[in-house]
Amino acid sequence: MVMRKLQLELPLNQTQKVRFKRAMERLQFLSSTTNNSVIVADSIHEDAFLLKGHGTSEVDGELMATVCGVVTHVDKLVYIRTLRARYKPEVKDIVVGRVIEVSKSCWRLELNSTKDGILKLSSMDNDVQRRKTYVDELNMRNIIVEDDVVCAEVGCIHRDGGLELRATSYKYGKLEKGQHLMVDPYLVKRSNIHFHYIESLGIDLIIGRNGFIWVGEHVQAQDHMILDDEMIKHTSLETRQSILRIGNAIRVLSNLGFTMTLEVIMETFNLSNAENIDVYDMLGSEFHVLVAENELERRIRRA
Amino acid sequence: MAAKVSVSPTSLIDQIVVPGDVVLDLSNMTNQTIKLGSGLHQDNDVISAMRAGKLSFCKPNKYWVESSHKRYIPRPEDHVLGIVVDSKTDNFWVDIKGPQLALLPVLAFEGGTQRNIPKFEVGTLLYLRVVKTNTGMNPELSCTDASGKAALFGPLRDGFMLETSTGLSRMLLSSPTCPVIEALGKKLSFEIAVGLNGRVWVNSAAPRTVIIVANAMMNSESLSVTQQRIMVEKLLAKISD
Amino acid sequence: MEGRLANMWRLTVNESKFVETALQSELRVDGRGLYDYRKLTIKFGKEYGSSEVQLGQTHVMGFVTAQMVQPYKDRPNEGSLSIFTEFSPMADPSFEPGRPGESAVELGRIIDRGLRESRAVDTESLCILAGKMVWSVRIDLHILDNGGNLVDAANIAALAALMTFRRPDCTVGGENGQEVIIHPPEEREPLPLIIHHLPIAFTFGFFNKGNIVVMDPTYVEEAVMCGRMTVTVNANGDICAIQKPGEEGVNQSVILHCLRLASSRAAATTKIIREEVEAYNRERSLQKVKRHPTLAKSEVSGPTVAVKEEYRKSSDQEKAAEISREHVERLKLSPEELRSSKEQEATNFKGGPSNWDPYSEAMDVDSLKVSLASEGDSITKSSSKKKTNGSGNAQKDGGEISVEEVTGDLGKKDTKHKDGEMTLKDAVKPKKKRKNKT
Amino acid sequence: MEYVNPEGLRLDGRRFNEMRQIVAEVGVVSKADGSAVFEMGNTKVIAAVYGPREIQNKSQQKKNDHAVVLCEYSMAQFSTGDRRRQKFDRRSTELSLVIRQTMEACILTELMPHSQIDIFLQVLQADGGTRSACINAATLALADAGIPMRDLAVSCSAGYLNSTPLLDLNYVEDSAGGADVTVGILPKLDKVTLLQMDAKLPMETFETVFALASEGCKAIAERIREVLQENTKQLEYRRAA
């Protein structure tokens, strides 16, 4: 039984193994799309007139898969939705990135994608529309520096694959006082809201389409170009604890390979509270098995 | 061996000179203006050769050394064959076998505007004109003649390109068409574009013709006129049977 | 960076398209047939064991040298064979100076596998004293001009050099039977290496997805082809090595077709090489015979002619002869005593590369080269070397086994004689002289 | 030394056409985009793939719009008996080149222009057939990283001892001085990408050993497909929200 990361990190004792295996089999039974998953060089039996999309190649008349993934049809188009792969940027995607380099009038961000994202200074302001002067370029560094986490939107993709980002509305910009997590991009479903504000805990949750997730203290919307001192105040203890708890919930879901939606994350969060499992023990094997079983029930309920 | 000091300029014309040979001695020349071409250089009143080659003289007062090299020194108004190396936003980097890469502005095409910038992939062969070669700057090229018309300039599709020396390309471009091309032209139909930087492009319908023309030209560099004709006859005879 | 970009050789789209279309109709750019080889010329240097091969425009030189080393622990009675390649930027602008690139290492390993793994050279015969002293043969290949298909040219150069190489004959003697005496060429004829068979390399280029096969690809064809394969076969049809390093996939049938093609060509190429070597050997032996009678007959005229030529050649080693003369006595010297002279000698020895071995190979090669000069003075100087792997110090200590120097019968006498005037006495009584042939 | 006893059993009890036990696992390095462990008997190799990502050193002359594949093969110090193995000996350099070119042939590099794919291979235990195990591990890691490939590159080795062709040699059989043929194929397209052979073999015997090695490759291909199918199914059913 080929087990992804889980087996390597978590020593499951016998009962946990049995429970986990049963849960996985039930999950497999439930999922409808597993049987048309293909691997590299599998031939796809399709009638000829379909359009060939990503991940497929025509080799002497026969359609062959070039990646491992699931064959999906969108009316006339057949393509392979890849699973584990780097993030393929699309315009209007909300992404979270980490700054690698501050260069002349632009920031270079790591997005877990083929090319690094470039956030130009000109596409940085939001309310005050004015030409960026030389002075702005000089104080770029006191707005965003290396290793800062930034949230932005994919602006446009250049011919040679260059990726330009835009951070033109108040939601985007530098993120502070929180935790940055990395998961596989295929676990993040494309939806129209990626910004989630959890009032009960006073936490912002941004699920980046590129698999970078930000969990941080809630920030009122105002222009972050003007920095004032009272803004830097101390975050309370329980907010910080809930940030960690949500972070670990996301890590557990990522280890198990479940999709990241707000609902699933909150459910795991509440499960960990209900079982009053300490934040650290959430990464233990027992909690993983609990989450797996919980996920099974949820899917049964929903199916 | 001491540098050959020659008094009368005519003695060395059409002779082979080697770097260091003193070609002209201006001290005893009475107020004559002399134009020095490539390969000659003057220190105070002695003109000596910089490059090995044949000293040539043309009517009024133009002296230069005719030599054949693999490297090309860009000179304005030369027609050359360039290979696209890289395309940046405002100009293409083109290799013309010169000391540096040359620049071809994206607008230097007939009716070239920001809208219709052509897309050349790396390795495209272009027939170009050298516009500017000021020192310290990369030479500037253009795909139009002086009046802005395309006139044969631009990308060369298909066919085959061979690298030869600048001497051979000058010979191929000589005014009475050189014997090789003349002889080949009788039997075979082909088109060639010769760049002064020692690159020749040959194209024709059948690959066989292209190969014969290419190899004939390659071998003709060191042959005299009659030998070239004999060589071409032999080649054509071989393929006709 | 832009400077480096300027002088690189570039392939145009037109050339690659034309080469492919021409190959469709079985035509190659230089007019050859698909399986024709370019003109092959093999020349030999003045000394034994040096060859120069010209395959079309590709130009490779091979040098074979041997020296006595301690054998590997796991093979006490076998000599060793090692190959070093030198891709100098002179041959091709794309060769980087300094550490050998991937292609240089690959070429060396292809030829190395072809010769060593298939036991082409008999290594048992290289053993002098089991466990103590064996001959270590080293082949150096220098690429002088890259006209494409370096592997075949380098392989032929290596074979030709190996076949003409002669190593000094030596016997085990002395009191406790541990002494090894090297006999100079005058006393005992130098011995050739024992070569069982000649592994010949044939390189194939694959075009348009492996359907078209071409032999002996040129530089342009190498830039265009999508895959290559080198098959090393010998005359009696055995396959010695194959190297198809990935690249384009090819059907099994095409590979077997290539193998048959190669083995059918092996006999022809072997014949060419053997003929060249025989011609060289005949000419060398003629030359040797010619030299002896002239010496006896016309005492005066012979030497003056030879001396003039001799003088020119040895004048530049005047200084070396001076210093080394007072160190060496006629009798055999025990290794320790000689070490001092060895160090002293090595400092002023200017000929021969100081340390050939740019790679971190286990066996460090000593600076001196044992090669038998053809003309008069023969210098056999071998220095055994304690093989300390990774011996850090630059100066290799090594005891001489025994140094017997005999100047060639026409070698220079000591300086007090006026150069031109050579008496019979000089010619006959061999005077101890160590001269190094650069 | 008798490598094949009269009953046809080898030193480790296998028949002439039996392979060592294969264990393959995917997703072993959490930071890597794709990773895999491949074990054939005692030979164990771990592979990690990073990419397609930005080209690191710009000095590498930009291949015209292809992804640049880099490969680093290294044997761990503890992988074989003698510890003297330095990292960059010549065998590793050649193997890096061979493996890189084999994987480059099966990756669709033209789909990822201006990017770089790094393959890191580390031999943890070496018991013969390391280069075949490396290629199989690299294929698994590339598939795990979601990098588009024409076909799986699968490799196996075979030898010839006591005049019988033997499949999948271990270290003892490999260093017995007999012939050693390593074959790398694209099973679905039925093309041979890698072929390396050394030590003398007549033509016919080579063909039998070559056929045996290709059969071995096809068997390994089946095993690799199973592993990948299992892994893809697992990712899919867990993810299906």
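Each chain carries a letter (A, B, C and D) given by its place in the written order, and its residues are counted from 1.
Here, a residue touches a chain if its C-beta (ideal position, glycine included) is under 8 Å from a C-beta of that chain, and two chains touch if they have at least 3 such contacts.
Everything quoted here is computed from the prediction, not taken from an experiment.
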Chain nearest the overall C-alpha centroid of the shown protein atoms: D
Most remote chain, CA-based centroid, reference being subunit B: A
Contact-richer chain pair (by C-beta pairs counted) among B-C and C-D: C-D
Euclidean distance of C-alpha centroids - subunit B vs subunit C, Å: 42
Cα-centroid distance, subunit C relative to subunit D, in whole angstrom: 36
Approximate Å spacing (C-alpha centroids) for the pair subunit A, subunit C: 62
Rounded Å distance between subunit B and subunit D, as computed from the means of their C-alpha atoms: 52
Junction residues of subunit C, two or more chains touched: 5
Per-residue overlap in subunit B, given as positions that touch at least 2 other chains: 86, 121, 123
Residues within subunit D bordering two or more other chains: 186, 189
Subunit C - residues contacting subunit D, complex: 1, 5, 8, 102-103, 105-106, 108-109, 113, 117-119, 210, 227, 229, 234, 237-252, 255-256, 259-260, 263, 359-360
Complex contacts: residues of subunit B adjacent to subunit C: 83, 85-86, 93, 95, 98-101, 121, 123-125, 156-161, 201, 207-208, 210-212, 214-215
Parts of subunit C lying in touch with subunit B, wherever the complex brings them together: 2-3, 5-6, 10-18, 21-22, 25, 27-31
Partner subunit D, residues of subunit A touching it in the complex: 1-5, 8, 24, 27-28, 30-34, 37-41, 43, 55, 57, 59, 64, 66-70, 82-86, 114-116, 160-161, 186-187, 189, 256-259, 261, 264
Subunit D residues touching subunit C - in the complex, by the definition given at the top: 58-59, 61, 86, 89-91, 93-94, 96-106, 181, 184-186, 189-203, 206-207, 210, 214
